[in-house]
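Next come two complexes, and both contain subunit A; in the first it sits with subunit B, in the second with subunit C.
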Partner chain A sequence: MNFDTNLIVSIMPELARAFGVTLLTWGFGVIGAVILGFMVAVGRRYGGAWLNYPLWLCVEVIRGTPFLIQLFLLYYGGPFVGISLDPIPAGLLGLTVYGAAYFSEIFRAGFEAVPPGHVEAAECVGLNRPQIIRRIMIPEMTMLVLPASVNMAIILLKETAVLSIITVPELTLVISAIGSQQYAFVESLFLLALFYWGLVELSGRLGRFMEVRLSKYRFVTT
Partner chain B sequence: MSWKLFELLVQASLYTVLISFISITIGLAIGIVVSAASLSSQRALSIPARTFVSFFRGAPLLVQLLLIYNLLPALGLNVPSVVAAIAGLSLCTAAYQAENLRGGFQSVPRGLLEAADMAGLSAFQQFRRIRAPIALRLAFPSLVNEAIMILKASSLVSVVGIVELTRMAQDLAASTYRPIELFSAAGLLYLIINWLIASGGSLFERSFRWGRP
Partner chain C sequence: MTTPAISVKGLIKRFGEVEVLHGIDLEIPQGQVSCMIGPSGSGKSTLLRCMAFLEEATEGLIYINGEPLGFAPGPQGKPVRLPAARIRAVRSQIGMVFQQFNLWPHMTALGNVSEALKTVHGVRKSEAEERAMLQLKKVGLAERAGHYPSQLSGGQQQRVAIARALALEPKIMLFDEPTSSLDPELTGEVLNVMRSLAADGMTMVVVSHEIGFAASVGQQIAFLEQGRLVFAGPPRDVFNKPRHPRLDQFLDTYLDRGAAMLA
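Our next item is the complex of A and B:
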């Protein structure tokens, strides 16, 4: 095997763009999933039975089916019901909805871990529901849900590789395309696996570092 | 959607179940060895085991599958693609199960092992009679979870050309122009299988309780 520096330089821009797409879908996917998941968790807690059961069903369906099937349904089935999306928006939407189902369960557990006494005390001093959520629930549960949330964010990073199947031009798709053009498929996939591994390890370390730094804000001791 | 199509999907889902079951079983066997090695006091054993767990949990399963699928022929092993797929799924689940079992092994009460020492059990007997049964029992709920994860993850082997449930739905959707019905039906089948695994797991779990042989 000869080592070709020009080749590596020539594919750099393409790799950088692909890495950008991976980071973009991951970042926005996680942010969207956290927001949507939080809304689902709040809806299930305060929305009454009419909101709770449909949302429960949605969450269970999303958690019980493979991500790939959901993506196919959205990307190939969408145009039949008037949702024609390009690969990147479709992947982003799919990742957001998929992640939201898992985040909503994390937040639900977080809500349940807030001592009822704190909420009752807040009601007694006259805080209304949005104030209770903002002033009591969110601050108290943030530390509790942080480890599970970091874990979920890392799972979503790995799921971005699946987006290559619906032709989102992210790292896995671009690197396997370059690899097969250059007859170095195994080598490039191996480097790709190592790269993801490093990224996951790094994110995990960062998450644990954050947990340690933020642990002084832990309100609830269980 | 006609019954004929649904029948094809059900047949393909049996293949999905078979692939997942074989992978889980092989993964459990590897996982036990790896978790034992990762808890070993000899660093020559524990460091490779921990690296194995970290790598297979860190890299996306899709990349692992593509890598193994292309690596085996490059090494001169011409195996059918289903073997490569099962190898990929098994290694990935082995890493997750090793981590679960490590938790199980670490929670085996020390007193039991001291008692076993006193009773003169050899290290292997202790493993076979005390540590493995207790660790497996403690790790059983996460094993059921892992089975569900692998069943869902097995949809990814469709990319290496194995006609399991996802690939069957994809092929049928392409030939009938009915993606919504077919992918929904496939999703429903996955849901049903997962529900069966979960309820079977909790039934089985109820049948053995802590402290009983």
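Our next item is the complex of A and C:
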């Protein structure tokens, strides 16, 4: 079997489109998951038992079941309970909820790592809870949760490949389709791996860069 | 007769099953330095934290300049919790300084001091920083305004923390072992700032192991042991003719360590 570079060139436009879909679902999925995950973490921390327990259960169920099955249930089971979504919105929703469960745990740990004294000092000068979260807790925990968050974002990037099973026209679906149409599995899978690896490398670099930028905020221990 | 700056009435504090304060009655006079001393675990820090409403009293009431802090007497004599805005208003008369400084690591010294002015009081950034700068000058750190806490020594951090509390122009300053996490060399610079604050007539409550400071600057000394107020009075009554055996014993351990300045 030969490695056919001409084939790679000829399928480039199609690949670019698929790459766009992957980037888009990943980008919006991560943003959605961070926002939802943060809301869950805040709800669990400050919402009392009535909010904490149901949210805890949701997080446990989502973390305890495979993404593939969640996505199947949402896309193919959704219509039975009146949720009919197109592939891309369904994929985005699935990715957001799945990611949010993990991000909420990352943020929960982040909240707990902010020294209580820093919060007390803020209370003493009159900041209310939203101000404390916005001005003290978020900036202080950013540094702490950054490595875990970058990791999670990378995992979510690779999970976008799973969206192919609900026919989202992203990289994995498109490339494997090309592969089976043209019997060019080696070329297509090689390209696929290259794409993901490039993106992961890039986001890892970005994460490192931000860590360095934020390192001056590190805590002083006396 | 003037209203006391702080008056503590029948304060009981329990953490779960453990009762750490067994009914404290104490008045902090206006414009004076009151020092609370006592062995570790005597409840002095808890008492101070109750005065800052960082701990809520299990029973009893606390008044700040005559206004109830956190809880007010209810119709059936049972204390009722005041609305959050009211609690913040009363708390704003108090400045608090912690043993661990508790500066916010992501803000510069100037940012730490001006934060509440900007966020809570809506003061314009330029004006807030101007006012913050005045406070940093007062503690001798104007030239360190742009430094982050991690770039400052412990003593400097504590002085920034004092400036942060002062920026809101509190009527009362509470100090919770302000020098306990500093080495002796850095202790002096913090105590000097506190001395000059006292000279300006600030009402101060200081929980400290610095018996020397208590003796020379304190105008009222309260000695706590095992959650009880054993003794409260002017320093000469405490240091010159100790009358309580446990207080004698407590002070002896300090004298043994060479704190001869007390005599």
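What we mean here is this: the second predicted complex is superposed on the first by the 206 of 222 C-alpha atoms of A that agree within 3 Å, B and C clash if a C-alpha of one lies under 4 Å from a C-alpha of the other, contacts with A are read in each partner's own complex, and residues count from 1 in each chain.
Please note the rule applied: contacts are C-beta pairs under 8 Å (C-beta built on N, C-alpha and C of every residue); 3 or more make two chains touch, one makes a residue touch a chain.
Quantities reported herein were computed from a predicted structural model and do not represent experimental measurements.
When both complexes are overlaid on chain A, the residue A:66 reaches subunit B alone and has no touch with subunit C.
By the touch criterion defined above, A:5 reaches neither subunit B nor subunit C. By the touch criterion defined above, A:140 reaches subunit C but does not reach subunit B. Judged by the touch definition given at the top, the superposed model places A:115 against subunit C, while subunit B stays out of reach. More residues of subunit A lie in touch with B than with the remaining chain of the pair subunit B and subunit C. In the superposed model, A:131 makes contact with subunit C only, not with subunit B. Applying the stated touch rule to the two superposed structures, the subunit B and subunit C interfaces on subunit A have no residue in common.
Subunit A meets subunit B in the complex at residues 60-61, 64-70, 72-73, 76-77, 80-81, 158-162, 164-165, 172, 176, 185-186, 189-190, 192-194, 196-198, 200-201. Contact residues of subunit C toward subunit A in the complex are 52, 54, 84, 88, 91-92, 94-96, 98, 100-106, 115-116, 119-121, 148-150, 154, 157, 161, 164-165, 168, 181-182.
Taken in their complex, subunit A has these residues touching subunit C: 115, 117-118, 120-128, 131, 135-136, 139-140, 143, 216-220, 222. Looking at the complex, you find that subunit B touches subunit A at residues 54-55, 57-64, 66-67, 70-71, 74, 148, 152-156, 158-159, 166, 169-170, 173, 179-180, 183-184, 186-187, 190-191, 194-195.
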